[in-house]
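Heads up, the next two complexes both have chain A, just with different partners, chain B and then chain C.
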Partner chain A sequence: MVLNDFLQNIIGGVTVGSTYGLIGLGVVFLWQSINRINFANISSAMLTAYLFYSFYTQLHFNFFFSFITSIAIIAIYGLLLRYLVFEPISRHGGDKLEFVVATLMLCTLWLSVIKVLYGGLPKPFPPVFGESTKFVQIGPISIPSVYFWIFFVVVLLIFALFLFLRKSIIGKMLRATAQNREASLLMGINVNMTTSLAFMLSTTIVGIAGILLAPIYFVSLELGGGSIGVKGFASAVMGGLIDPFGAILGGIAIGLVENFSTLFISSAYKDIISFIILVVVLIWKPRGIFNWTAKGD
Partner chain B sequence: MIRFFRNAFIVLVLLALIGGSIWAQGKIDPSKPIKIVLSAPFTGTGSILGDYIKGGAQLAVDEINSSGGVEGAKFQLIVYDDQANASTAATVVRRALYEDKAVAIFGPNMSAAVIGVHTLAQQAKIPMLVGATSVSFRYDKVKNDYLFRLRADDGVKVAQQVKYIAEVLKAKKPGAIVGSTDYCTSALDVAKQAFEKYGIKFIDIEMMKEGDKDVTAQITKLKNSGIDVLVGLTHEPEAAVVMKQVRQMKLTVPAVGFSAWGVPAFTDLAGDAAIGVISVQGFNPTDPDPAVKKFVDAYKAKWGNEPSDPAQCYYDGIYLLKKAIEMAGSTDSVKIAEALKKVEYTGVQGPMKCDDLHNYTNVCYISQFDGKDWKIISKLQ
Partner chain C sequence: MRQILKKIIYSAFLAIMLLLPFFSRSDYDLFVTNKALLNIILASGLVFLTGFAGQISLGQAGFSAIGAYTSALLTTRLGVPIPIAIICSVFLSVIAGLFVAIPSFRLKAFFLSLVTISFGQIIYLLLVNLTDFTGGSRGLFNIPFMKLGKSPFTNTLYYYLFLIITALVVLLMNRIKYSYIGRQMFAINDDEVAAEACAINSKRAKFFAFGLSAGLAGLSGALYAHLFGFLTPDPFSFFESSNFVAMAVVGGLRHLSGGVVGGFLLTWLPELLRLNISGFENYYLIINCVIVLLVIVFLPYGLGAALFKALSRLWGEKQSALTLRNLKNKSNNIERE
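Up next, the complex of A and B:
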C-alpha cells in the first residue's frame, strides 16, 4: 500500500462523508429547534435532486435558475412540514412518537410519489460539475471534478452557517431558541419565526446535499431512503445532535471508516464495521464524539 | 316403473351436468380473459429493468389481443412490483396464484427473488416463466417442472465472456469486481470454473454491495495486484460507479462485463466512462436480424424508447405462452406446463425450445460500446 493509495482513499472518504454530514445537519437543526427527529429528512435530498433534474434536463432552464428554484421550493417544503405535519400533531396532543411515525410515513409517501412521476430507473445527473471522466490530476492522485465542487460547497456552507449562527442576530436568536425555548420567549425572541427558520434551513441544507450527492448516487430513489439516510442520522448522532460542525465531522469519520475498512479488510464488512464503531462511540461517548459543548463525559 | 325412469332420467341429467362442467374446466372461453401475472421490479435493486420488462410483455399482450387473442380469448396482464425482493415477490406470487388465479406467472426477474418463490408455483402447479439468469435454479438443480427460463442463463453468458477474454484478449491475470446478489456471486462461480479450463485463476476478486457509490478501495487493490483484464460481475448502477472510478484511477486494462454491463441502464449512468467497455449481452437492438428489427421498431413506436434486455425475453415469453395454450387447447395450468415443455417458437431471440435445463434459448452477443451503440463482435445462437 503506497502513500498515493492512502491519499486517494482519504479524498474519497472525506468527500462522500462530508455529504453524509450535510444530511446530518438537517437532523441537528430540527432537533435543536423542536426536539424532534424528522425521519423524512433524507426525502429533501431526493426531492431537490429530482426538482433540479426536471428544471435543468427536462425543461432546459439554466443551472442557476434550476438550482435556486429547486432550493426555494424545498425551503417552502420545510415550512409546509411545520404547518401541515408538526403543528397539527402538536395541537392534537401528539408528541415525539407521533412525529416519528408521521415522518416515517412521509418518507415512504415521497418515494412512492417520485416512483409514479419519474419511474424507478435512476437518471444520470447532468454534468454541471464536469463530465464523469473529467479529473484533476495532483501528482499521482486523480480527483473527479465533482469532488472539488462538493468540497467547495461544503466549506462555503459551513463558513456561511458559522457566520450566520455566531455573528448574526437571527442566528443568535435561533441558537437561543434551541437552548431554551421558554427563556427565549420571555426575552422577547420571536420563537415562531426561529422555528420556521429551523424547518426551512433543515430541508434546504439537506436539499443542497441532494444536489451534491446526485452525481455520485444518480438522480434516484436511493437518494430518498436506505443507507444514506441512516448514515446522515449517524453523522448527527456522532455530533451529539447538538453541534452542527460535529455532524459534519461525524459524517467525514463515517466516510473514512467505510473507505479504509474496505481497503484493509473487505467491502463486505464495510457497513458492519461502520455501525459497530458507531455503537461503540455511543456507549463510550453517548453525547457524541464530536460534541464540543458536552463536558465531563 | 314410471318413477324408475323418472329417477334414472334425473340421475343422467345430473351426471351430464357434472361431467360437462369437468370437461369445460380449462377450456378456452372467448368471453373470459386469460389472466397472466407479471412480477417485475419497479423499485429497489433491479428497478432499472421493470419498465423494460413490462414494456416487452405489454407489447406482446396488446399485439396478440388486437389480432384475435388466444382462440378468441384475450390476455389480461396484471402487473405487480416485486421490488426485486424475495419476500415481496412471495406476496405477489401468492396473490397471483390464489386471488388472481393466473394461468401463468411471468417473473420475478431477479434471481434472488426466483429462488425464494419458484416452489410456490410448483406447489400450485402454475407455470412460472422467468428472465432471471442465475444457474442456481437450473432444472437439474431444482427439478421444478413448472419453472421455465426465457433467455440464456449466466452459465452460457459467462462462459462466452471467459472464452472471449482467454481466446481473443489472451489475458492471463484476470481480476473481478463482484456484486453481492445471487446473480453476481453465481456468475463468479461459473467464471472461476470457466477460467480453470484455460488454466487461469483470478488474481484478485473484490466485492461491492448494491448501492455502494465509492469503490476507490476496491479499484486500488485491483490495480495494485497487476490484473490484465477487469471482469465486471455487478448490476447496472454499480457497473456505472465502477467504470467512473476505473477511469478516474486510470486502470487501463480492458473491462469485460457480463449482461448487466451491456444495457442502456449502465451506459446512461456511466456516460463517457462506458466507452470501450466490452460486454456479453442477452440482446442487442442493433442486431440486423429482421425479427429483432421488427421488435425494436414496434417497441419504439409504442413506448418512445429503444428496448433493452430483458424486454425481448418477456415479449417472446408471452408469445410462447400463447402457443402453449393453443397446443394444450386449454387454460388448465398443468396442461399448459406440459405444452410449454414441447412448444417450439421462433421469436426475437431466434428458435426457442425448452431444453433439459428448462431454458428456451442460449442466444447471446459479445459487443463493445463506442459511445453511442453497442457494436456486435460475435453472436452465439
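Up next, the complex of A and C:
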C-alpha cells in the first residue's frame, strides 16, 4: 500500500514537474540571450491555453489547426515582446529593474484582459488528451491517462530541442550567442536573429506547457500568475538559469518534492515548501544544482 | 522673480495639502487619499532600497503584512494600546527585513528578486493557511480604530495623522540621502567592490537599507490595519508587491520624490479610471496597466524626476548632482552587453 502511494506520487510528480521544467526552459532561453528574466513568462502559458480553448471549443476547429495556430500566435507575441517592450526600454535608458517592472505589469495586464474577455471562472479544458476521469490501471497503480499524454509530449519536445540545439546550425548559433555575445558577433553570427529566436522559443515552449497544464489546472487564471510561474523560475534556477536540461530536471525535482510534501505533510503547505526550496537553492548554490554548462561555482 | 514664483508654487502646494479635507467631494475620496499616503510611505522605503541601495525587493507586501497582522493581533487579542502595537509591528518587520538582507550579500538583481518574491509568497500563504492565528481568507475583524479622547478617528483626522507621518518619512529620507549613509548606498549601487575597497561596509549598508524599507512597509501595514478595521490576506499578495515596485518605478527610482509621486498617482489612477459605464466596469484595470507600461517604457527615469526637472527649469536652477546620476553610464552598459 505504502509502496503504491510512493510510485503513484513519483509518476505524478515527474509528469507535472516536467511541465514546470518547460516553463523554466522559457526563462532559460531568455536569460541566455538577453540576461533578463521575463516575469510575464507564465502569461504565455495562460494565453496559449485560452487561445486553444477559443479555437477548439468556441470556434470548433480541429485539434491540429487550433494547436498550431495558437502556438504560432504565441510565437509572434514573443517577437512583439522584444520589439514593443524590451527594445524601447533599452533605447530609453531603462535598466534591468525597468524590464522587471514592465514585465510584471504585462503579467497583470494579461490577467485583467483575460478576466474581461472570458470572465474569472475556470473553463473546462476540452478532452483532447482523453477524459480527465479516465484512468489507466497498471497493477495496483492507477494513473490518469492525461499524464501519459503530457509525458509523451514533453519527451518529444525535449528530444526535438536536443536535436535542434546540438545538431542544427541555427541551434549552434543560438548556443554560441548565449555563451559569448561579442565573440559570436565577430564570427559572423546574426545575433539580432538569434535574439528574436530566443524570444519566440521562450514564449512557444511556455505556451506548449500551458496547453499541457490545462487538463490539470483547467483553463483558468491560475495558469497566468501566482505560484506556477514561481515554480517555473525555481526550476530554471536549479539549472543555474543556463542549462536547458538542468531546468527540466529541476522542474521534475520540484514536482516530486511538491507531491511528497502533499503526501507526508499537507497540501496546504506544498507551495510554501517549494518556495523554501527555491530560497535555499539560491542561497546555497546560486549557480544551480543541475548545471553542467558553466564550470566552477 | 523666479524665486518668488518658486515660493508661490511651493506654498500653494502646501496649502492644498493642508486644506485637502475641506475640498474633497466625498468621504470616499478622502479615504482613497489616506490609502495613497500609506502607499507613499511604503514606496518611499522602496525607492530608498531599490533606487539608492540598488537592491530589488518584490516582497514588500510581505513586510507590510507582518506589520498589519502584528498590530491587529496585538490590539485585538492582547488589548495592547494602538501606538505601542504599531511600534512593535514596525520592530518585527525590521527584524524580518534584516533576515531578508542576508541573501543579498551573495545574490544580485534577478536572483535577489526571486528570493524576495518567495519571501512575500511564503508570508501570504502562511496568512491564508494559519487559520487559527490570522483567520485565513475570512480575515480578522474588529480591529480597533484610533481614538481621540472617546470618539474614533474620522477620515479627516486620519488624513492629518498620515500627512504628518508621511512628511516625517520624506524628511528622514532627505536627511539620509545626503548623509554619509546615503552616500555609502550610492557608492555600493555604483560599484560594490570599489566601495568595499574604500572601507565601506557593504553588509552593514545593506542591512540598513533592508531594515529601513521593511520598517516603513511595516509601519504602512500597521496604519492600514487601523484605517480599515479589518484584514484579509488579499491586499498582501504578490501582485500588490509588484504594484508597489511599479509605484516606485513610475515615480522615479533615483529621485526622492519618486515614492511620493508614484504612490499618489498609482493609488488614484485606478479610482479615476473606474467609470460607471455599463459593460466597461472591468476595463479600468487594463487601462491602468497600459498607462503604467507606457510610462515605464518611455520615461524610465520616472515621473517624479521629470516633474522636478521641469520645475527646476522653470525657476532656472541647476539639477543637483545626485538626482540623475550615472544613467548615461548605465545605458552604455546595456549596449556593451
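What we mean here is this: the second predicted complex is superposed on the first by the 292 of 297 C-alpha atoms of A that agree within 3 Å, B and C clash if a C-alpha of one lies under 4 Å from a C-alpha of the other, contacts with A are read in each partner's own complex, and residues count from 1 in each chain.
By our rule, a residue touches a chain if its C-beta (ideal position, glycine included) is under 8 Å from a C-beta of that chain, and two chains touch if they have at least 3 such contacts.
These numbers were taken from a predicted model, which means no experiment stands behind them.
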{"item": "First, second, both or neither for A:73, with chain B first and chain C second", "value": "neither"}
{"item": "Touched partner set for A:9, first chain B, second chain C, both or neither", "value": "first"}
{"item": "Which superposed partner A:258 touches (first chain B, second chain C, both, neither)", "value": "first"}
{"item": "Which of chain B and chain C A:227 touches, first, second, both or neither", "value": "both"}
{"item": "Which of chain B and chain C A:191 touches, first, second, both or neither", "value": "neither"}
{"item": "First (chain B), second (chain C), both or neither touched by A:276", "value": "second"}
{"item": "First (chain B), second (chain C), both or neither touched by A:115", "value": "both"}
{"item": "Shared chain A contacts, counted only where both chain B and chain C touch the same residue", "value": "115, 226-227, 268, 271"}
{"item": "Residue ranges of chain A in contact with chain B within the complex", "value": "1, 5, 8-9, 12-13, 16, 111, 115, 119-124, 127, 131-133, 135, 142-144, 216-218, 220-222, 226-227, 258-260, 262-263, 266-268, 270-271"}
{"item": "In the complex with chain C, residue positions of chain A that touch it", "value": "31, 35-37, 39, 85, 88-90, 92-98, 100-102, 104-109, 112-113, 115-116, 181, 225-227, 230, 233-234, 237, 268-269, 271-272, 275-276, 278-279, 282-283, 286"}
{"item": "Touch list for chain B against partner chain A, complex", "value": "41-44, 47-48, 50-51, 180, 206-209, 211-218, 220-221, 224, 237, 240-241, 244, 247-250, 265, 268-273"}
{"item": "Chain C - residues contacting chain A, complex", "value": "50, 56, 58, 102-103, 106-107, 109-111, 113-115, 117-119, 121-122, 125-126, 129, 238-239, 242-243, 245-246, 249, 253, 282-283, 285-286, 289-290, 292-293, 296-301, 327-328, 330-331, 334, 337"}
